[in-house]
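Multiple structures are listed underneath, in structure tokens.
Both complexes shown next keep chain A, but they swap its partner, so chain B is in the first and chain C is in the second.
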Partner chain A sequence: MENTNHHNQHDEVHISSYRDHWRTLLTLLLLTLVTIVISVFGANLKALSVATALLIATVKVVVVAYYFMHLKYDKKLYTWLVLLVAILFAAFTILTATEYFNR
Partner chain B sequence: MSSVSTNLNFFEAKKGIFSWIFSVDHKRIALLYLYSLITFFLVGVTLGLLMRYELLNPGKDLVEAKTYNQIFTLHGVIMIFLFIIPSIPAVFGNFFLPIMLGTDDVSFPRLNLLSWWVYVVGALMALSTLVFGDGPADTGWTFYAPYSVKTGTNVTMSVLAAFVLGFSSILTGLNFIVTIHRLRAPGMTFLKMPLFAWSLYATSWIQLLATPIVGITLLMIAAERLLGVGLFDPSIGGDPILYQHLFWIYSHPAVYIMALPAFGVISEMLPTFSQRTIFGYKAIAFSSLAIAFVGYFIWGHHMFTSGMSGTARFIFSILTFLVAIPTAIKVFNWVATLYKGSINVQPPLLYTLAFIFQFMIGGFTGLVLGALATDIHLHDTYFVVGHFHYVMFGGTGFAFFGALHYWYPKIWGRMYNIKVANVAFTIFFIGFNMLYFPMLIAGLMGMPRRYYDYLPEFHLPNMISTYGSWVLATGLIIMLSNLVAGFFGKKPKVGRNPWNGITLEWQTLSPPPVQNFDRMPVLPQNGPYDFDHKPVIEE
Partner chain C sequence: MEHTSGFVLPNSGHSRDDEASKLGMWLFLFTELLLFGGLFIVYMVYRMLNHESFLLSSFELNVGLGSFNTVVLLVSSMTIAMAITAVQKGEQQKAVRLLVTTLALSFVFLVVKYFEWSAKIHHGLFPGMDYYNGLPKGESLFFFLYFIMTGLHALHIIIGAVIIAVVIARTRKGLVNKDKYALAENAGLYWHLVDLIWIYLFPLFYLIH
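Entry: the complex of A and B
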């Protein structure tokens, strides 16, 4: 079918360099190390410990999506679609927390 | 269409059972889903008939209370997870989305086959609870904690089955999103797509984004049962309302996984049987997205009486009323499409009109439940059961059977007996309303849902309802027999376009060839429902 591949013919192909892959991997390993250091070696964050872990995990998600999953090189539309997921997650959390703290 | 080497239809192309169960052709996968779904639907109907028989009179008629609880749970699990959630997308979406977009398959055909296999595994897991362990779960299809954590019945396997079925749903949604973005025919912009494709697009986003939430929630139930982790059971530090939040964050949007494809089907059938362009194309298309979006934020209305905070109740009630707006936009546009149309009354149109009538009753009773004051009175009564079945069965179920009658000649290349189809519809319609309308009355009178026994004052509505279930079953048997007879009967084969439709599936052969089109499809000039400039297609 000619029309099936119509869109694909006009897409630009991006091949990431090894250098980018290594940088991404090192960033992820570093962030994992930070998480371990904070939890095992006892930075006394108390109420902020969950928030800190989530923050680090979120940064890792962004790095993976941006480089490994090619969001950086793709159309902006896909970045918006991923942001939509983040907005939905925030909405679920805020609505549930509103309920919990007003109980 | 230079690469098309054969016009053999997809039935004739390959023979043998393995050519079906390992096929990556979207049309064959659609039919695999259809046969599986109808089988499970009939199991669900049988369980429903058993429930209704038990409720014919107060006291025991047929089964013990515990068995009754297990029957209604299995009825819910089968009908929700095995029938209504996959129904229209998995069958008609799989079959017709690529054809309507003018392409030869979905983006990931192998993933498509995998989703059917995952569905079959999930279904077998759900049904295995009948024979293994302590019998099917007795919690209701919602698996509410803490009871689901404590009951001795086979909850773990049931929730794992629902978890596995979720993957099938996610894979189908993912496939459709990519197909719609990547494989539309040249010239078919988003605003020239048929409305069925729009509805599948909105549905797929919900499948993709909401289903993982119920997946993890059900795993948490399993973790609590098997490892004793205190998540939902207050006696070990859990919060049962948290379970309800997590469950409904998925399960309310899931209502739109069930309803939105039905809206798409209705938006296809109305222009065909009115022979005019659909009224308010953009409004219908964008209202699908609006319903999908707003539908994410209204789950709390299932929990008004469960100890949720007053502030949250107020917020969720307002948000619930908001979702009625895009839904009403659709209904007004459908009715306006009929106005001054050249109406051709055929079985699919009858199902369409019944859909609008019954879906309106389902919608309005939904508003009654979405209002805080009335919900306090009606929550957990038969009013909710009536409302839910008017939306899901009177709406999506009727749209499913309407779609089956509409696309039947395209799928199998033959026509069923129209007169018998009309008679079957009439019996089905009467039976449906006899079965479910008395539930609304019984609920208003105060009859609680899920009860095995009831007080004598509820006898009359229950009796009418049970008689209605028998009428409904009669209509269903006639309808399905007629469709099967049409396939095996001696009626001549139909042409490309027996209903005089306009979307691309009506330009190809019936049944379609393996690669969907025998010649290049022609898009109508001004959008998908431009009946004034309909392309002339020779047989």
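Entry: the complex of A and C
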């Protein structure tokens, strides 16, 4: 009975390879480069730059959460919880912005 | 004997539950996200109210140093993720080396931040200084938020560095190993969160011109 008491291990653990990690880093660095280039050299895209910068940042965050934070291979519960928090934060942001624009 | 078998009190003996500790870590990360989230909403509102001043002030920040620190954090996120891979594969030495690299990168980040802050303080831009007090409202708000948000983030880097140091010590002793690595995983999650927050701080303060 001794061992069945331990919930700990990881019945079918997914081990990310070193190469996967390199690939994730490369993706993140490329996205960073794109943001910097748009911001520094795209002065005439003024209106676009805020939205683009935030959009690219969000893509980077998703990549970090999905691969580095292992959401891709973990139980789906974690992904749902993260989405729930993201929706909660988006709701706060949208409510605040709406209030501001309707003054 | 027979009728007692199969009846085990939850959490009795030396059972441990790695899944539960990971879930606990995630719940804690959510509170952190909402803490910074609140500050991001404050930033959004003040930016909408002081559009021009925020634009003007953002040019004061050094895009080169900010970009450099972004790369440092991204690389450190990779090295800690690799350290977990190494632990899972039983490559203890490699894991320790990767963790030490992560720790070193956290110091690099803090040193760069120190020079950035010193330059700003030298110019009198720290809240309460004479030059700061004479700034137009919008610009002083920008620097107030800059110091609060990057300061709180730097505090998280320091806490993360301490946690990584603990993981290094325990990995060297073999207390973190391929059968027991929840501590390393949770430290990794915390470190990635610190990276995530910087991913938003960087464009919001340095890049949005």
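Here are some notes:
FYI, the second predicted complex is superposed on the first by the 93 of 103 C-alpha atoms of A that agree within 3 Å, B and C clash if a C-alpha of one lies under 4 Å from a C-alpha of the other, contacts with A are read in each partner's own complex, and residues count from 1 in each chain.
Definition applied: contacts are C-beta pairs under 8 Å (C-beta built on N, C-alpha and C of every residue); 3 or more make two chains touch, one makes a residue touch a chain.
Everything quoted here is computed from the prediction, not taken from an experiment.
Contacts of A:N102 after superposition on the shared chain: chain B is touched, whereas chain C is not. Shared-chain residue A:F92: touches chain B and chain C both. Chain A has more of its residues touched by C than by the other of chain B and chain C. Of the two partner chains, chain C is the only one touched by A:H21; chain B is not.
The residues of chain A shared by its contacts with chain B and with chain C are 1, 4, 6-8, 85, 88, 92, 96, 100. By the touch criterion given at the top, residues 5-6, 8, 12-13, 15-20, 22-23, 26-27, 30, 33-34, 37, 40-41, 44-45, 48, 63, 67, 70-71, 74-75, 77-78, 81-82, 84-85, 88-89, 179-180, 182, 185, 188-189, 192, 195-196, 199-200, 202-204, 207-209 of chain C touch chain A in their complex. Residues 1-4, 102-105, 182-186, 209, 213, 241-242, 245, 249, 296-297, 300, 307-312, 315-316, 515-517, 520 of chain B touch chain A in their complex. Only residues 1, 4-10, 13, 15-18, 21-22, 24-25, 28-29, 32, 35-36, 39-40, 43, 46, 49-50, 53-54, 56-57, 60-61, 64-65, 67-70, 74-75, 77-78, 81-82, 85, 88-89, 92-93, 96-97, 100 of chain A touch chain C when the two sit together in their complex. If you check the complex, the residues on chain A that touch chain B are 1-4, 6-8, 85, 88, 91-92, 95-96, 98-103.
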